[in-house]
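You will see chain A twice below: alongside chain B first, and alongside chain C after that.
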Partner chain A sequence: MRIKSFLREILAVFTIATISCVGVANAETKVGFVYVGPIGDHGWTYRHNVGRLAVEKALGTQVKTTFVESVKEGPDSERVIRQLASTGHKVIYTTSFGFMNPTLKVAKKFPNVRFEHATGYKQSKNVGTYSARFYEGRYIAGVIAGKVSKTNKIGYVASFPIPEVVRGINAFLLGARSVNPEMTISVVWVNSWYDPGKEGDAAKALIDQGADIISQHTDSPAPLQVAENRGVKGFGQASDMIKFAPKAQLSAIVNNWDNYYVERTKAAIDGSWKSQDVWYGLKEGMVKMAPYTNMPDDVQALAKKTEDAIRNGELHPFSGPIKDQTGKIVVEAGKVADAGMLLGMNFYVEGVQGSLPK
Partner chain B sequence: MSQIFQFFPKFVLEPRLEVSGKWVILSPIIAIILTLFSGVIIFSLLGKDPFLALYTFFVQPLTTMFGITELLVKATPLVLIGVGLAIGFKANVWNIGAEGQFTMGAVFGGGTALLCQHMESILVLPLVLVLGTLGGLFWGAIPAFLKTRFNANEILTSLMLSYVAVLCLSYLVHGPWRDPAGFNFPESQIFSDYAMLPILIENSRLNLGTMFAILVVLVAWILMTRTIIGFQLRVVGLAPTAAQYAGFKQSGLIWLSFLISGGLAGLAGIAEVSGTIGQLLPSVSPGYGFTAIIVAFLGRLHPVGVLFAGLIMALSYIGGENAQIEIGLPAAVTGLFQGILLFFLLACDVLVRYRFSHRSVLTGERCE
Partner chain C sequence: MDLLPVALTIITASTPLLLAATGELVTEKAGVLNLGVEGMMLVGAIAAFAAAVSTGSGLIAILVGAFSGVAVAAIFAVLTLTCLANQVATGLALTIFGVGLSALVGSNFVGISLEPLPQLNIGVLSTIPILGDLLFGHDVLVYLSFLMILLVGYFLSKTRSGLILRAVGESHDSAHALGYSVLTVRYLAVLFGGFMSGLAGSYLSLVYTPLWAENMTAGRGWIALALVVFGTWRAGRIAFGAYLFGAITILQLHVQGWGINIASQFMTMLPYLATVIVLVFISSDKMKIRINAPQSIGKVFYPPR
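Moving on, here comes the complex of A and B:
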């Protein structure tokens, strides 16, 4: 009997819990975010979360946002996305490339939910994609590196050899060579987006090989912290990381999703949302540069000038003539790389050391 | 096991003369209850209603059909791998490289699926499954060979081969097997329907792989309790010298353990790829091969225990996601829960097998 009454009590607690769950009024629009890393990565995911907070701030009681962090790309992500869709979220942002096919699969089953997938290339009626032209920032970083470096060697900590990352490496070197043709880049692939230990080790190895500029396409501040400790310079990734490297950070390419998230969420609420594919850069404010620090005034002025030129459309980072590693001209003088080449970039430009993993 | 572990100057752990069978079975249950209690404390400290939190974590995922099917989907690879590992662990064969065998299962099976992309035949799927299993088997055979031929430590070789397997898959999807229409992103083409495991319940992801897992549990149970091979495996684990005296071939049992656990991990790998993912990605496992080691121990190295342990582990993952969505608990709580569960499990285990006694260290006399 005692066990029975105990069970009844437990049941009662659960019932109350269920009712209180269901009982929440559904006046606001629920907006979901799926993150590949922890919100405390101080890089990629951190900035997406800043974007989420901007939505909350701008739209106040109209929205209720939810996020799930550290979601593994693959089958787990499909479940998380579906779970968000089936719990009344009307807009869902999936913020990593590996969420692409899972997002599309879930979107098919929830035609009334709007999906926004970052950095992918597949759209559908209710799946839009968005990405930023980070390479514009990379080019500016390259220009600064070309002026500041004494060893003419750049160390680049990279995640995976996907077009976005390769594009960043190339843009960086093109920027550097535009002011110093002697510049070279060495790349270490860490095969992870977020692994502070590996990222830091890669930076150490690159510095040991003579690099005095560290750049990274991974999400933690570890490489920059190594640069700080070893007395070389570097760049922040995805967010302003000056706090982690007050003496080493030259600038940072800051991803700014705030406006985009606010606008798209608004559009979903008022019904004007349509699937689209956007690739915004400095001009639209999706890419921003952190303050130019730890460099001489003339370099700072040059960096600002380059930034303005890209923003105004006077300068395209991938302007010909561009040679690949074999010396073959891939973009002729007077032309710029077309969208197809940019989106599917799978070659290194002249001056990158080593060969691209294939 | 006659050594006496010393904790404090005056308290010692000494082995119990008789280990109660009842408590061996009860200890995981007590561990789970203690974990739940700790959960109440943690949730209260986080400022959440502890019962609501426990409800969203452990009960709510099971209140929908989708939640239940997802639980089974998530538990399937853990159970498949865990059962295989448990057989080896029983015989003191330490295959730590199931992650690699899982990945090789995905590589061999997935590669077959890509080769047969344009074949419209019901034979594609069986071929894919068999080759996937063989892939895991092959990867498990390497540490077995190194162990039996050169006496190389199988913990190290199998673990290191995991990284080789993962890099091998990474190479393939970055290079030769990359989807030509995929803008150079490292993903293979999506498999044709003929290479995909059939879905069991419409509008869910529950597929035939789960049936394999249940079948494997039953077969392994019979193998371990009703056959001479199972008997030999158990004796080798419990009393190696006795096994030697009885003339059991140690190397044969090492091979067997590795082939079974490797093959099952391979099957889990291909079932995951052709069941839920549908293509090859640079990484096909969120660490199933390693989590399954915990599952095997949580399940007392018994096939049926592994089944339950796999379900509990899967529930902790799914519950963690649910708790993030519903009440905004941080993702780290999932890991915390799993850690606490393991801690209590091991602690209960120690107390089932040992007891504290109060002794004078100098004289070794009891001063109860």
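Moving on, here comes the complex of A and C:
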């Protein structure tokens, strides 16, 4: 609700007025956040907001944060970003892919404001980008699925066929096949990031077709909840969703922006901030795994071992040989997929059912 | 491929559409166009969820959800019937209001999970193979949705009060001249619409996906509105339409799971495409639409002094 930040604004004006009256002007830095969804989605935006709260907690009175939620990608977002920049915010985090061009456009007009754009690929002097290697978590989830599944079939509820999502599907299956070469994945695209009813229906359809592991790349806990009710297993998305599925959640890939936001905000305050492009994973703690639950001890141990191996660089989820659906080798044995292939991934690996929508 | 689970999923997907469309049918037959279905559903959904969390009783939750829908509909009724505000604009505002209000109230309920409503077990009937599951293994709201559309169909075509309601919707001036209270009839019709939308919302947050998530109706209120037109204001056709829409939504997910190569965007589009085609079809036959579409729909009634 914009009204919230508006009220906070008014409150802040009063506070500042009071403080200046007694003559202790406080040099606080204003930090802005632009969210694509509601902070109550319990997924993507929810985790970004947890990061914002971490900044408030770590830096206390040094900062004052503002957020604007449910901002549509496109022209609307430019207006919101400009508004934040022109009201004295010194650091602005824009947390969705579609905010990329608006962020760059506004950044040009406000050279003294630092911008941080999530999941984008364009930088400038005062625009840095950051993203997380969620596929590392997907691979671990796949390993667990390969061990736990009895029907050898994974159901995957997916949002839009963009490289980020395709990479997740492939990493999941590569993980599963590393322990059980019989595993396959069926993918259902719901064409939405957020539609609990449809996500749940997709999970039901997949379970009815024999999947006994549900994974999702959409933002609500509905698919996991369906898994719980139908007595199959699944994974949480973006945040730990164990509350929704105490018997079904095997683990969850948790987005953890907290440290990054605190560090970058600090850097902006002390003047050491420089534009950069980061893609952090398990090693840097931007991707975390929720506790491994509802599985036998040996699977749990294997999951932990895989997690450690990825964290210290011994294992790369996209290690060759990797074949695509046609059986063509795309990554040769002994090599790993390069950044270009990872960032632009537009093919399914062998074992994914159906064909990738173009 | 076992078709039974598919059929069961289709029933759950169709029920909220049918509930909301039943309410809107009565509202529109009385000559009022309430575009606030989505908003009333959302308020019903969060109210029912909140009640279920705090009382633990499914029945109380359903009642609270339904009557919250009534409360929101009452706002609409006062604004459009007593204060004579434009129905289209007020309805749209009501939806936006419902989205905001439910999000505000719901912020405390994010991340809470709920046990879904129990399925009714109708004695031995539920144990009949296939038929038992298909017909007798649902929660109470599914049966209520069937009962309500039957009752509403009967009420509108076979009872005196139903005819009065339709008369008000056809020509409020004539109905007024005959001595019927246009305002009373319309108030009741709008409140009934709110009641059914509230039930539909309760179904979403208690049964369909037993959780609260902002904007969780995701456009189902608008589909219900389209359904009333799709069914040309006839109870039977609306029930058919609700199940057709539900079936298409579910089948497109199955088709993908089977690996059949049809663009999912195309499948997502199908229910709406079907609506447009039906609209064209019924509109081409002028009598068909004239017989069923309430003539006074959306028109403001100025009570003569």
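Quick note on the criterion: the second predicted complex is superposed on the first by the 332 of 358 C-alpha atoms of A that agree within 3 Å, B and C clash if a C-alpha of one lies under 4 Å from a C-alpha of the other, contacts with A are read in each partner's own complex, and residues count from 1 in each chain.
Note that a contact is a pair of C-beta atoms (placed from the backbone, for glycine too) under 8 Å apart; a residue touches a chain by one contact, two chains touch by 3 or more.
The structure presented is a predicted model; accordingly, all values stated were derived computationally and were not measured.
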item	value
When chain B and chain C are modelled together on chain A, clash or fit	clash
Which of chain B and chain C A:Asn312 touches, first, second, both or neither	neither
Touched partner set for A:Asn191, first chain B, second chain C, both or neither	both
First, second, both or neither for A:Gln276, with chain B first and chain C second	neither
First (chain B), second (chain C), both or neither touched by A:Pro357	both
Chain B versus chain C as contact partner of A:Arg79, first or second or both or neither	first
Which of chain B and chain C A:Pro38 touches, first, second, both or neither	both
First (chain B), second (chain C), both or neither touched by A:Val68	first
Partner chain in contact with A:Gly200 - chain B first, chain C second, else both or neither	second
Superposition clash, chain C versus chain B, among 23-31, 77-85 or 239-247	77-85
Intersection of chain A interface sets (partners chain B, chain C)	38, 191, 357
Chain A-facing residues of chain B, complex	49, 51-52, 55-56, 59-60, 63, 66, 70, 73-74, 167, 170-171, 174-175, 182-187, 190, 203, 205, 272, 276-279, 281-286, 317-318, 321-322, 324-326, 328, 330-332
For the chain A and chain C complex, residues of the former touching the latter	1, 38, 40-42, 46, 155, 186-192, 194-202, 204-206, 208-209, 220-222, 225-226, 229, 243-245, 353-355, 357
Residues on chain C engaged by chain A in the complex (per definition of touch)	1-2, 5-6, 9, 13, 100, 103-104, 106-107, 110-113, 116, 204, 208-211, 213-218, 220, 249-250, 253-254, 256-261, 263-265, 268
Touching residues (chain side chain A, partner chain B) in the complex	13-14, 17-18, 20-21, 32, 38, 66-76, 78-80, 82-84, 86-87, 97-98, 101, 109, 121, 160-163, 191, 343-346, 357-358
